[in-house]
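In what follows, structures are represented as structure tokens.
Below are two complexes that have chain A in common, paired first with chain B and then with chain C.
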Partner chain A sequence: MSSKKPYFIVPPPGPLAWLYPELAPLAGSTEWALPAQGTVQVEDGPRGHALWTWLRQASRGSAVEVLEPSLFGDRCFESRMVNGDDRIVHAELTERAAEEAVKRRSLWVLPLQPGSRDLEKALSTVSRDPGLFREAELKPFFATKLNGGQAVETRLLPSWWGIVPGEAWPEEARSLFHELFRLLHPDKVFLYQAFENYALAGIDLYTEGLMGRFRKSSPLFAKKKGQPLVIGVCGTDGSGKSSHVAALKEHLISLGLKVCVHKIYRHGVFHDTVTDLTRQCAGGKNLHLWRLQRVIKAFDSVKYYYSSLEKDLATHDVVLFDRYTFTHYAAGVGRYHHDPFARELLSVFPEPDRIYLLDVPTEEALKRIGNRDERTVDENRYMLSRYRHALLDLGERHEFMVLDATAPFEENRRAILDDAARLARGGAP
Partner chain B sequence: MTVWIIDAANTGGVNLFPEDGEYLRALRYLSHEVPDEVFFHLYAYELLERMREAGGGELVIPLWPSSVFEAAGSVAHAAREIEALFPRAEEVRYVPRDEQVVADAAARFMGAVRFDPGRYLEAVAARKDGSS
Partner chain C sequence: MENRLTVIMPPEFEYLPGLFLPDLDRARLVHRAAVMVKRWRSYGYSVFLDAGVHGLTAAQTAKRLEGSAAVLGGPRDAPGARILVEALGCGRPFLSTGDPAEVLGRLEKRVESLATMELPLSGEVHDLSGAFLIGDSPGSFRSEGKALVRTKTGRAASLPAWVKKIHLVDAGDAPPEMKDDELVAFVIPGKNDDPAPWLETCRAMERKKLRLTVEGGGLGLERPAVRRLLEELDPRVGMVLGFREICADPLEEMYAGNSLPDRNAELIENIVP
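Entry: the complex of A and B
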């Protein structure tokens, strides 16, 4: 360890600033950079812990040592929010205190603790005169530890602590808080709901922000290296992908080409296992598993690439895909509008020469699926509609050939075969 | 009969992570921009899938997932639901190893040493003693 004084880093306030931008100055400087060598100390607290986690990874292999902060050190932002300092008021929740806060323009924080009746009391008081408490800028804050007491058990990622109730809060308390929030911040209700959904889904927007993921994006595909023609057929369930893939394969083989078909969404032990994992979300519990199953599914496609696809890419003229990586992206967008690390995982796949999108209206897709034995959790009106729109949006941005899947099969077959044959002859997509 | 052999040296039973298997090959591709926590989850899930596929026997678990999370200071999710799906074992054997063996296992099965090997050994010892 270096004998020099450690560099000290104050983490940016993250979600608190996104929801309550006026809190940002309390967290001090948001500028930080790793030195080339030496020791780095990060401010204590949940967001400090999140920053440490990332800095530790970013500095791996370098001459920098990043000291582990405490989650609940006295110096942390959360302690100041709960225990107060000269800029934070913790008056009892009354109209008089609100009037005082308005006069002083001070920051007024309402710490809330699980197991208490804090929320009921707050809602009862605030609902008497919401405008007054709104003007006083009352900030509800979910304390993870109060005045040196026992830390609250929560399964939220640390970066969300304080801003949303963790699992220690029962559903009724969440509903009460939604109502309190609506009274205090009617203009931020949807923003809050979005954050709460991300938080419960285990999506760490804060760390992704620290990583710079919102400034740069990973490449979507690997660069092609003299690879074969890569063609994918995408579409929601019930759009007729498999039938068209089979027809296309037969046609391309008849042209003398060496063709293979791949499905990057696997069945068998993988599908059964990831489905069992996802079932643990039933009843709105363990929602972070939805995000986890997205990562697992994307990585399974990467595994499939190495076990089954890599060799075929080097030995075939045409590789056909019954669904391509865009289906992963559509699933992520359909669920969250945000699919962390899907791009990083899936960028091993080559850029396709053509994607045919078989677009089918949701009602029609449901009718077709209705004939099958068993529906998946996604084969319902809401999710199919979201996937459909996500695929259409991707199609617009990536120049898919979009086909109306309600048109006669022969009509679409002809369009696909003609286009693919032209591509196989070396025509531009 | 199913036996879990918790051994960072990955010896003494069914190898669930063959060197030429798709998991280790895919792992080498993964970007370092992906957070450590994702690597931990992917490892835990792979372990689950391979354990199910093996069906039974003496299964070697190089690194115990929740102890890995604990050693990394990451406690929010910690693979609890994944471990809950592990096929039940009639017997669990712990093979004592030193920090270097744990570090080697981390590099091999997670692409890098992404947690503190000393803390991992403490977490596994606590698990063995029934205190975690």
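Entry: the complex of A and C
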């Protein structure tokens, strides 16, 4: 350990303070820039653990040593909430206490302890006069420390502390908490549920935010002179991608170009694993496994890049893709609305010169799929519809050439071939 | 209940409720609808307003509704209005969304036709808590020297007491010149707009809100706690912009009832054993 004076970091407020912003000022002072060398100490607590994870990565290869947060005691506002320090009030949940809280404008928090009847009692009390407790701005949260200081072990990612109950609570706790929260903070219900959605999906918005993963991911490898033309054909299942890719390949070869076709989003790969994971998550159980489905798919594409694609990018004039990274993004939107991790992971793939989006109405896609022998978990009306809208939205932002897949095949083929030939001659997209 | 009409609005989707003011344009619309409904009710018509302030999903709202419904939303409420219309389904009569002024005009006509039916007064009073009231009488708040703003209950209570004037700021606008007792309401940029100017505007406004600006335009760095709050904006605002980048809108998804456990169940059903 360095003998230099440590650099002490208090993590910025996380999801619980995003929900209750008035708690944020209770956190200690923060310094952000990493020193060139020396020792960094991180404050204890759930957010401290998340920040510690990030700092360990950020300081990799530098002369900075990051010390574990558990060395430095409890100073996060989360701990104060549990202990009732400073101007945070813990009072018995009664109408009288609520009137007092309104009068004094105090920060009134309600830690819900596992193994108790706290949640049921709170719901019963608040239901009697929701308006009063709403005015008192009561802040319920799931405690991760018991009154005696003993930690409650859950498999939740640390920064989601307080937002969702871990497995220490019975399953129905989530729905009870929904109603309690709706009574107390009706204007924040959807924000809460969005956070809960990500928590259950195992996505750590806090750490992702610290790492900057929400910012637009640029391809790692900027396009250089001499690199091939990169063209992708996207669309939902049943839109006719493969037929158009084959026709495009044939046409480009006829122009004397060296062309190859790749599928980076492989349908069959890990299908059994993904299906099994989905089954394990049935009924809202084991939802921490949910995210593995997307990670498996994204990693498969990255693996494919290095094993099969990288060399072709160096040796061909045109590389065609039957689906591209946008299919991953659409899948993330379809499954749980956002997937920053996959965006960063997939940034190894080059920026495409053109994406053709074959748009087909969901009902029509289902009819076409109906002729196939086997369906995937996504080949249903709901998911196809979500994928379709996500792809159309991405198309608007990334300037895809959108084609009506219900139009005659020859019509679309001609539009694609003309455009691709122009690009191959060096025309601007 | 066939003659009962509920004017229903989708909720305001705000990712950053603790940081920015609600959409004042929408608040004005709520107020106009509330005034109209109150007037109708005073005439004895069975007309109600649901301003989307109860934390219910679109499906839950549709389930609780009785009689016919009219969906009302401002320009920025279009996604929520669409979700709501879908949830109301084909079987329920409703007026389509569109230009708020036009919809309100059509509602007036609708109520006139209801009047000829001699509706009984149900006696119910809709809870309008959480709505801003923006009136035209002199008050302590001014917005661009025209509409006057006063607060009632709910979210409006979060308006800081020291605010005397509110500026409406759109994407790309330069931060307006403001006095210490003024504040801004943000108009979040469209998905095709460059968010950078908006982000910079947000930061500038936050500095102002937190009283960070000093003479000469520098930051009041002697206030470490306030400086910390500014830095903390980055991960969270970045997150919101990240959602916009891929056109995902978690709040809309939740309003539409698209929660993870539900979607999980959908996929489970689709797995052939």
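What we mean here is this: the second predicted complex is superposed on the first by the 388 of 429 C-alpha atoms of A that agree within 3 Å, B and C clash if a C-alpha of one lies under 4 Å from a C-alpha of the other, contacts with A are read in each partner's own complex, and residues count from 1 in each chain.
FYI, a residue touches a chain if its C-beta (ideal position, glycine included) is under 8 Å from a C-beta of that chain, and two chains touch if they have at least 3 such contacts.
Only a predicted model underlies this, so the values are computations on that prediction, with no experimental measurement involved.
Which of chain B and chain C touches more residues of chain A: that partner is C.
Of the two partner chains, chain C is the only one touched by A:21; chain B is not.
Applying the stated contact rule after C-alpha superposition, one finds that A:37 touches neither chain B nor chain C. In the superposed pair of complexes, A:62 makes contact with neither chain B nor chain C. By the touch criterion defined above, A:242 reaches neither chain B nor chain C.
In the superposed model, A:299 lies in contact with chain B only, and not with chain C. When both complexes are aligned on chain A by C-alpha atoms, chain A residues 213 touch chain B in the first and chain C in the second. Residue ranges on chain A touching chain B, taken from their complex, read 49, 52-54, 57, 60, 68, 154-158, 202, 204, 207, 211, 213, 218, 269-270, 272-274, 276-277, 280, 286, 288-289, 292, 295-296, 299, 302-307, 341, 344-345, 347-348. Looking at the complex, you find that chain B touches chain A at residues 22-23, 25-26, 29-38, 41-42, 45, 48-49, 52-53, 72-74, 76-77, 81-82, 84-85, 112-114.
Within the complex formed with chain C, the residues of chain A that make contact are 12-13, 18, 20-22, 24-25, 27, 29-30, 32, 131, 134, 181-182, 185-191, 193-194, 196-198, 200-201, 205-206, 208-210, 212-216, 275, 278-279, 281-284, 287, 290, 329, 332-333, 335-338, 340, 343, 374-375, 377-380, 382-383, 390, 393-394, 396-397.
Listed in rising order, the residues of chain C touching chain A in the complex are 11, 13-15, 17-19, 53-56, 129-130, 154-155, 191-192, 224-225, 228-229, 231-232, 234-236, 238-239, 241-243, 245-251, 253-255, 258-261, 263-268, 270-272.
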